[in-house]
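The first chain written gets the first letter, and so on, giving A, B, C and D; residue counts start at 1 in each chain.
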Amino acid sequence: MSQNAYLPKLGRIAAIKEEVAGARAIKTFRIEFVNGDGFEHDCGQCAMISVFGKGESMISIASAPHVKDYKQFSIMRTGRVTTALHDLNVGDVVGVRGPYGNKFPVKDWKGKNLIFIGGGCGLAPIWPVVQTAVNERRQFGNITVFYGGRSSRDIMYRNELEKLKGDVDVHLSIDAQEEGWDGYCGFVPANVMTKAPKADNAIAITCGPPIMIKYVIQNLKELGFEDDMIYTTIENKMKCGIGKCGRCNVGKDYVCVNGPVYSWAALKDLPQEY
Amino acid sequence: MIDVAALKAHAKSLLEKGSVRAVIGYRKSTAGLLAEPATIADADATDDLIFDPTCVQNLALYLVNDKKERVHSRSDDKRPIAVVAKGCDSRAITVLLQEKHFPRESVHVIGVSCEGTGVVDARKLAKKLDGKKALSVNFDGSEAFSITTEDGAQSIPAAEVMAERCLECRSAHPTLSDMTFGEAKSERALHAPFQAVKHKMKDEQDNRWAFWARQFDRCLRCYACRSVCPMCYCEECVVDSINFAVLPDTTADEKADRIKWIERSPARSETAMYHMVRAIHLAGRCVDCAECERVCPVNIPLRLLNTRLEMEAFETFEYNPGSDMNAPTLTSSFRDTDPNSFIR
Amino acid sequence: MANAVETAKDETGFEPKIVAFLCKWCSSAGSDLAGVSRLQYPSNAVPITIMCSGSMSPMFVLSAFNKGADGVLVSGCHPGDCHYLKGNFFARRKIYLVQKLLQFVGLENDRFRMSWVSAAEGVKFAGVVDEFVKDIKKLGPQTRLKAKR
Amino acid sequence: MTKTVAMEKMLNKADLAAWMGKLDSHRLFSPALEDEDVWNYMPVEEAAKVLLNHPNTVRPPKGFVFPQREVLYEYSQVPGEAPVLNETLPDPAPAVVFGVRPCDSRGLVRQDIVFTKEYEDPYYQGRRAKVIYVGQACNQPPSPNCFCMSVGGSPCAEDGLDVLMTELDGKYHVKALTPRGSELLAKGGELFKDAQAADKAAVEKAHASAKAHPQRPIKDLGKVAGALKANFDSPAWDEMAKACIGCGICTFLCPTCHCFDISDEVKCSSPCKGERVRTWDSCQFPDFTMHTSGHNPRETLGSRLRQRVCHKFLYFVENHDTQQCTGCGRCVSLCPVGIDIVSVVERLGQP
């Protein structure tokens, strides 16, 4: 790559949608590149978003690769950069560089049943796969989405999930009973167990808090999923995005280059330093 | 002369009886002449313990590290940990106790006398031996070191190769201990206390700035001085202003609003601030173990900087860090007679 | 603080930037009195109100110099008059140490100053600032601890 | 490094200064005392005073191409408007660094792998192209903790160098290893005489005797990676790291360590003006890997020691088929508490 990989392209915030409010607020930013700059990406890849004067953060791209006009990022307000991002308005310009990392091997999954299992803001990294699968609906078998939040107010992509129904089996859950909630109450791994998706010709894609992932994988294995049928993403602190700064190094891998997408077969051989 | 065999036997019996969790002491290193700190939990391994003039490190640091590790591992072993402590180490432990860093009963202090001679300065020794590699250094009476090289043993006057701090040491004997080995020689005073600082103070102010500016410019910001200091126990240091102790209930705002006092760049202004903040934070707490200066890979005279305020504490406020664990600290106390004339 | 320090520079000559940390109960009120009494004194001091001189962190002093202050003033209540009874006694000790350190490192003596100014001493406050500005003008801009920006 | 450019010459020791004098289109650096006992690469002020029999420098020469602080770009942004970015690629004047020890030049080769494989780092490349390395074979080990030969190097290794000089009686044997090196020798003109068979024999003898100096051994280098992998969960890591104080000496002063941080240095908050800079960072610092959530994948000293050793002797080997340690011995000599990578590898890197 002859270009300066550290220099971000400029993107204008075209729309901001508040997904979740409160202390762990999540907003979805639609960013359009300025000056005809930009890049294409694959499902699962990330981009480094800059707020000048604050710093950079690695964020997974939540829009599907076939959406060319903009990139979408769903970001939880958690630190210096993300707080600054949440304070921005439509029209403000940020830096975006990328795309970084590997991808979900979606092409290899054609004809298979896809089972998505997300928790909290962990829906965002796998959302491009959901979108791609729905966009090319006839190429895939059954599509099932399990998704849960702490409460009904913590469910992101609410409208989008509603729209999926019909094409896709959607099973929402919240941790504790609430009035007016007609979905499942309890943790996501338990919800998966009650619906017991079949492992035949299936791929499971999961992302969420580490503890959720741990139990989801345990349960999937009980349901007969092999290690190479389970995919997840991991994260580490990152600075450069191109495998040089050494920060996201886990074993011989750099998460920003060799990750963030891992099959459980590959991930279980990696040291647990993520 | 200190009886190392008795020291080993004491450590062994403590571990055999199970009255301590571990013994923090010194053992021979593979990396060079200086001893290495060792945390020994196995009674049989106490035979590795040594005590000679190569035992330079301040082991009070490992009490601080031990506490951090216990919090992290959620250990519920309530037994004390034993630590071998020279005069300066014991003063550091006293300051930690004074600041209630840990309770007195959580530490068993094995005091060791560094006799009349203190510890060795590896750089001075290397010069003295003119290229020959020292294999071992031992106490040799109260005024000399016995040094072994390939050519055999020789006796060298301790004052010639002794660490600077030891030459100015005001209380060489442990001030606090549960058990002491070696002869009680508290007065050494080979040099007048604060001699180096006073000498530097005589310099013109502009020259002093030129001197310090050059030193700050050379700093690598490896933070070894901070890491080795038993008094630098803050969970969160001003230099790590972005990354600080985050608890599950730390909010995004708290993380975002963190003040970045110092940039990471090794620029003179930032490095000056780093070293000066450390000097201020050490005022009335620095026990002059001079570990900061010893570990500095580029030889920045940090002891000179940090003892400046110790001199003030001692001479202006009659305050001697590490002498009394029950006294109020320097900056949490005052007297009506404190200097006032500098105020307008 | 970075912006507070960026006060206008006189085209005709050097106008020192002074950061004045004033205790809320005495010195800050004293500076207000100087203002409402329409006393003539230089406008070089940027006041920052702190709760008590005893709450003054040495970090603030070093940070002000780092960000380009030509002088730093700390001012509190007279001994015995502290709103919190003894905060200024702690301050006296701490500031004394900070001053000694700054001098040892080689910052010019006249760049860091402490004063006792009561709420009634508008005239004294004006005098302290006036004198401070004059002394710093003799020294010129502070370059030693200032970050290159 | 091919035979076609290898050129062997002899230079009288007294003529070193004259040669340096002919290189005045370059900035010249050589090892000199930065402070008492602290050797560093310093600009050559008086060529006649340059002696190339120095002990190993405290700082490796990596800063010439990977400085501790590098401004990546400057930015300025008025709120609500698009920022203006100003790329600050380095364009240094050409430099020649004398007295580079072979371990350090082998470190450079490892940095080249990191910074030029897959993505070329333009900042590194910009500087790398402008620095010529003149090596100095170690007739005597420059540090008591040298172990270059245990990690595949040698006191007269040539990788990464443009020129290798070997001190012989009253003379330097000077071997050009790259076209850049040949040009440098060509500038010396008449000062250089062709090396004769006797000179070549003498230099071979000097190299053989240098290699014969006893060094700290690592047995079975080929098996170290596998053993480290097998011992990944050993409690010995924590035990050996007990004394570690978590400073950055071992990594900052390592000729191969390349980890860095990127941060914003704000000069003015409104309008927002500042620089995005990268600075050296260390895997030994506790906050190196800490997530924003506070979760830290390598929270303990043991896990960080393991990262340092495994990165050098396992991960780098898996990725690039060579160790990321060149045996300069700095981390051993300068560790405040005697943590010794050779001993660690001896203990956990042996089957």
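In this section, a contact is a pair of C-beta atoms (placed from the backbone, for glycine too) under 8 Å apart; a residue touches a chain by one contact, two chains touch by 3 or more.
Since the structure is predicted, the reported quantities are computational estimates derived from the model, not experimental observations.
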Comparison of A-B and B-D (more C-beta pairs in contact): B-D
Far-end chain from chain C, centres as C-alpha averages: A
Geometric centre distance via CA averages, chain D-chain B, whole Å: 31
Inter-chain centre distance, chain A versus chain C - centres from mean C-alpha coordinates, in Å: 52
Distance from chain B to chain A - Cα centre to Cα centre, in angstrom: 49
Whole-Å gap between the CA centroids of chain A and chain D: 39
Numbers and ranges of chain B residues touching at least 2 other chains: 242, 255, 263, 267
Set of chain D residues in contact with two or more other chains: 261, 263, 266, 269, 290, 292-293
Residues of chain C whose C-beta touches two or more other chains: none
For the chain D and chain B complex, residues of the former touching the latter: 34-38, 40, 58-59, 68-69, 144-145, 242-243, 245-249, 252-253, 261, 263, 265, 277, 279, 282, 285, 287, 290, 292-294, 299-301, 332-340, 342-343
Interface residues, chain B side, partner chain C - complex: 197, 200-201, 205-213, 238, 261-263, 267, 269-270, 272-273, 276-277, 279-280, 283, 305, 308-309, 312-313, 316-317, 330-334, 336, 338-340, 342-344
Residues of chain B that touch chain A when the two form their complex: 242, 251-253, 255-256, 258
Chain D contact footprint on chain A (complex, rising order): 1-2, 4-8, 10, 12, 34, 50, 52-56, 78-79, 82, 89, 91-93, 95, 235-237, 239-240, 242-247, 249-252, 257, 271-274
For the chain D and chain A complex, residues of the former touching the latter: 72-73, 75, 77, 79-83, 85, 87, 89, 114-115, 118-123, 232, 258-264, 266, 269, 272, 274, 276, 278, 281, 283, 288-293, 297-298, 303, 307, 311, 314-315, 318-319
